[in-house]
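As structure tokens, here come the structures.
Below, chain A partners chain B and then partners chain C, in two separate complexes.
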Partner chain A sequence: MTPFVFCTVQYESGDWDSAPSVPANIIDSVARYTSIDVAPTGAIAPLASRDLLRFPLAYLTGHLPVRFAAAERAMLRTYLERGGLLFVDDHNHDIDGQFHKSCIAELAAVTGAPLTPIPNSDPLYRAFFVFEDGAPNTSHELNGWGDNLVHPSLFGWRRNGRLGVIYSNKDYSSEWNYHPDNKRFLAVDNTRFGVNLVVYALTR
Partner chain B sequence: MRSPGSRVAVEWTLRGIAVIALLLAWRESDRMADDVPQTRRVAGRDVRSAALGALRDAVHVVTDTALDDTTRALLVARRAAGGSVRWSGTIPATLATIDARPGPARMVTLAVAAASGDVLTVRDSIGRIDSVAVASPSSALIMSAPVGAVSVRIAPAPARADTVPTSAPLTTAARTVAQTLRVRMRDITPPRGVVVLARPGWEGKFVAAALEEAGWRVDVRFPLRPDTATVQGAPRRLDPSRVSVIVALDSTAAPLIGPITTFVRAGGGLVLGGEALGHPAFGILRPGVLGPRREPTTLVIDSAAPRRALPLLPVRRLTSNAVALERDQRDIALSARRFEGGRVVAVGVHDSWRWRMSGPAGSVDAHRRWWSDVVSAAHGEINPRGAPRVESFDAPLVSMIAALGPAERGPLGVSGDGPRPATPWRWIAVAITALLLEWATRRLRGAR
Partner chain C sequence: MTALTRLGRVRAEWTAALMARFIAWFALAGCAGSAINYWWQGSETVPRGFIVSGLLILIAGIALLWRWRASRDRVALALWIEGRAPALQYALLTRAEGASDSMVDVLEAQIARVPFERLVRPAIWRPLVPLVATVVVATVLMRTMPQWASLRRTGAVRIYGPSEGRAPSTARSALATVRITVAPPPYTRLRTASLTDAARVSAVVGSRVLVEGAAGDDAVIARLGTDPLSISTASTAWSATLRMPARPTLVTLSSGSRQRAVLLEPVIDSVPEIALRFPARDTVLRVAAGVVPLSAVVRDDFGVAAAWFEVVVSAGEGENFTFRTTTLARRTGLDMRTLTLSASLSLDSLALQPGDLVHVRAVARDGNTVTGPGQSGSDTRAIRIARENEYDSVAVDGAPPPDRLKGLLSQRMLIQLAEALEKRRRTLAREPFVQESQRIARDQNALRRQVGDIVFQRLEDLGAGGEHSHDDGHDHSLMTPAQLLAEAREATTQTGEALDFHGGESPVVAISRPLLEAYNAMWEAGSALSIGDPKSALPHMRAALDAIQRARFAERIYLRGRPKEIVVDLAKVRLAGKTDRIGPGARTARDDEDAPRLARLARFDAALARLASDRDAALLALLTLRAELLAAPGAAAAALGDAADLLRSGRDATDALIAARRALAGPAPVLRPVDAWSVHP
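This part shows the complex of A and B:
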């Protein structure tokens, strides 16, 4: 059986590699809490490349404005049509920021529909750990950084009833961007929602 | 100069010749009337009356559409009774077949071979389902579950004022006759649910997704760690009354071998794929002996043989009650067997999710159909027992050739009666000539 490989999306505009420790941290959590066969290192797939189709879960983040090339847009459309799940996180946690505005527009151009809030009752929040109040808040939201908002929900786009895009303003990219060994200093592991993301992608 | 006596003898001879010639002419005309048939070229409504006409007449039917069942039967009976029946004309090879699609939605596919623009009207026992124009010479119409008898009517496209026909119709009646296919659908037992047992992974996820997209109700169980699993539905209730097929994709199904075997014995279906196919626990259920795992010979998933780029665990020697459903070169990629009351399907193809994600355009649909067909094969109630039974079949060209043989070539056209039979004019001419000679010789010798 093919092990799960965590994939980060590389796109031409912006800074796609702004959170380099997130993959290792999520891989560590998946291996720590589940018996899922997970590859020890992540992969990087260019958005315009067919290599992306080898990874049905992909993670995209950044601070800077996003403008997809035509080939990137076409490949992302193919990826989503075939059942891929793209997790996008705004590294600025700022709904007035350039990444948010430009990325939302690009995603709408690809999917043909705006993103809609994911309700707290969605299976995403019960895929492994239970988050009764929906997506967990990050320390960056609670400290008032960025847009000084606690974002009530994630946003998504569905195809055939399944989430194809999950979009976050919560800045999990900052929250999870640390070496996995440092989890021992946390009372509650803040990457648990990352496990839910992976389990949801592998089972729904 | 002959003597008057000899001239009288000549005159008597000529009279005799005239009488004999008249007798021969009368006899020949009588024989012609009795023995030589006339050929009647008929079309349209005249065909049936010609079929019922005197047997001695040959009937040549000129038509560009199939005759109705009764007329065709009359012509066949006429030929069987010794009558001559031929036909000519250009009949389009219109054809319609109907077939149940495997899967839970009870869809049927109506395949039509007809001229572009022909109007297709489909009805079932409840009423008219749809009426569409045929887009291309070979078209398919997919319908949701029809009820009872399905009637398909193929009518020629209505003539447009701005079009010039390439060939003149033979008769108005012939061009307006539509073809009809009637099929009685068997009551199909709606399939129950499918249970997918697999580890969390892309294969289990996309197999479950494909089956759900195809309309199956899918229960899944993905164990996430020894005491936790992602569950959808009630995958542990392996009861044939609520579950049609179990799809086991890896060793996580092995602990359930007891209930699974009971389920199959009771009439359930089992699909063994991935690691489950090679797991020792399922040895008693496998359709044959496994060969060594074969790695793909190519990494490119193309549309011609998309599964060739995937790893394969082939079945080499089938058990006596197993059949190969799909081969890849010399290896059996898909096989099935009956196990007491149920069926087991072995899927040798591994990592089929790569086909869906990385294959050519249309791979999502192809992957979905393929997995739905696999589950249908294990379900065993739709195909082939659920296939609709053709009640009457009226493919025009085929039915005409089957009944009357191939059409004759040659110019078409309706000429009423055929060529005139030979008449005894030559004997009449001989008689007239003889009488003229007799009259001349009698006058030349002065007699009246």
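This part shows the complex of A and C:
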């Protein structure tokens, strides 16, 4: 069986590589808490490439407005139809910013439906670790960074009852963007939700 | 019984035999016609078998009528009997011709001795035997036709003829003829169209669809998908009106035992298609000056209503961006299927700074007043203004900001704690109040040291020296807090060109100044808190927070180049695994990717099997299958549509059904050739 490879999506517009340490951090957590056969490094897949179809979970982030090219839209649509899970995180940690507005519009154009809030009872929050209160808050939300708001939930789009797109404006990209060796200084590992994302993508 | 009476009975028997032969010929002609229809693959409106059957029945009827006419002549019948009963010695013929009264008794006696009825009976009925035998054989063959069909299906020869499974026509059926009138929405400027007995209707979403027919013996019941559809009934006609839905939907009509299905196939009004011609590609400019020509071609299936260029200017980097959005060359009130949009973008007017990004795209909206308007955008082109320090190489990947900056912002939390403590001053005893204040002071000092680490680590490179972090290997005893404070004050009170970042000084100083102010304010706040005076500390704490906020908005410093890729040591990590608070989710297997295709194929085969016995049900199943396939139109959906049209019009649909099945089954697997033994993979 081939190991799970964490994939970062490279898209033409925007700074897709703004959180380079997130993949290693999630890989570390997957290895730390699960027995999933995982590759030690992540991969980068252009959004318009069929290489994307090799990965069950794709991570997309950035600060700048997101405008997909036609080929990127088509491939993303194929990816979602084939059962892939796209995790999008707004690296700005703001609300109604340019990344948020443009990315939401692009995703709606691909999926054909707007994103809807993911309820706290969703299996995503119990796929591995149990998050009774839904998506965990980031330190940026708690200490008032950016918009000074705690975003209540993530947003998603479902296909046949399964989440195909998970959209976050909690800025996990900043929260998880550190060397995994520094995880030992945390009282509670803040990347545990990343494990849920991986397990959900692989088992649902 | 007289001879003439006996002769009349023979004539009646003759007539009965003729009638039987006519019926046999009729049945035989029907079998022949069906067989011709069965084997003949044609596309005539009236099947060829029906024509042949009609001709056979006509010829047989004329011939038998001619024979029956001959039997009405009593003399000719008597002569025919004399030929088959010589013992009569023409007594019957003489009697039939009207013999004289004197001879009647003699003739009657002669005739009475001969049982001519029994002698002529075989001659009367014998011609019927081969006919009946042929009809029996043909009937048996007709009953075995389905078996023939299943055998021939494997040979991919034509399978179904139009005469099979045809529902018996009802003289007064309300569904005998169904007329459909489609009126598209006004914005499409399409004409109203009418169809008769159509299996499917394609129209723009929102079109008004009128389904009507002549009134029959039974009432008409209609359903749109699973919802009932109201029917308006008049004395001579019925009708139903509906709007073309956004998804393929079946309209099912039933009247008595008759059923009819019409598939509504919506034509989706697509959003405008926009091709941005200029700028042709992303660009990095050294100087934000000049005019950039913009050009885009917009196309829409029914008409473009409005179009414009959208320009977004983003300034900043890292975590801090500001955006400005403006539009150019906005054109509204259009009604064109193709539009070329042109404009000029003056970079001077945008007041761009180094590092700014200009995102340009064209946006258009159609005139859809039913489900829209639909709006779309072109690809986005980015025009970037290079920074001065990028002139040697503008293709530099930025590394992330230092993580320590994120920890500095808990100053806000310390302020909240101090404010809360100040509110409890009157209710708390002095000793716990001071203890709590000193605890906040310790946190404040810890935060101050972190700020000092950052500030003086930077200033050290500029020769300013400073406080060192507790784990950097330096001797902290070399600098007392008083010295450190003096250094900080000195640094923060420097003014003039030496700290002017834009004047060519290193940005380190410019960025550090607000942090130094924060450091000073934290020092004062910590001192006040340590003596149990949060009220005095709060202004300094707020000043520190303001300074940190200013530091946030200052330009950040990034390490140059791509950070080193982190390779996780999986074995090491797994040895340190934790298992607390784990709730493994139930795993469910995903569907086989091929399962939907196989399921559709099975449904198609089932519909095909029902085609011979229940044509309407099979047609309904095929139309339902097409409705699902229309989500992603392809060859299978097109072939199914053709087949439905042919079946509804009573024509041969074999080719279309074969094409549909091939499309549903997918391409044949391609086997890879065996690699040569000597080739290394």
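Remarks
Methods note: the second predicted complex is superposed on the first by the 204 of 204 C-alpha atoms of A that agree within 3 Å, B and C clash if a C-alpha of one lies under 4 Å from a C-alpha of the other, contacts with A are read in each partner's own complex, and residues count from 1 in each chain.
Going forward, a residue touches a chain if its C-beta (ideal position, glycine included) is under 8 Å from a C-beta of that chain, and two chains touch if they have at least 3 such contacts.
Keep in mind it's a predicted model, so treat the numbers as computed, not measured.
Taken together in the superposed arrangement on chain A, chain B and chain C clash.
When the two complexes are overlaid on their common chain A, residue A:G84 makes contact with chain B while staying clear of chain C.
After overlaying the two complexes on the shared chain, residue contacts for A:R54 are found with chain B alone; chain C is out of touch. The wider contact with chain A, measured as residues touched, comes from C rather than the other of chain B and chain C. With both structures placed on the common chain, the touch criterion links A:P40 to chain C but leaves chain B unconnected.
After overlaying the two complexes on the shared chain, residue contacts for A:T2 are found with chain B alone; chain C is out of touch. Of the two partner chains, neither chain B nor chain C is touched by A:A187.
In the overlay built on the shared chain, the residue A:V199 is in contact with chain B and with chain C. Residue contacts after overlaying the shared chain place A:F128 against chain B and chain C alike.
In the superposition on chain A, A:I27 contacts chain C only, with no contact to chain B. The superposed model puts chain B in the path of chain C at one of 76-84, 94-102, 112-120 or 130-138, which is 130-138. Chain A residues in contact with chain B (one complex) as well as with chain C (other complex) are 33, 82-83, 127-128, 199, 203-204. Interface residues of chain A, counted against chain C in their complex, comprise 13, 15, 17-21, 23-24, 27-28, 31-33, 38, 40-41, 63-65, 67, 69-70, 82-83, 91-93, 97-98, 109, 123, 126-130, 139-140, 143-146, 174, 177-180, 182, 199-200, 203-204.
Of all residues in chain A, only 1-2, 4, 33-37, 50, 53-54, 56, 81-84, 127-128, 160, 162, 199, 201-204 touch chain B in the complex they form.
Of all residues in chain B, only 199-206, 209, 212-213, 220, 222-226, 228, 230, 250, 274-275, 351, 353-354, 356-358, 363-364 touch chain A in the complex they form. Put simply, chain C touches chain A in their complex at residues 312, 314, 318-319, 321, 323, 357, 359, 361, 376-377, 379-380, 382, 397-400, 403, 406, 409-410, 412-413, 562-563, 565-570, 573-574, 576-579, 581-585, 587-588, 590, 593.
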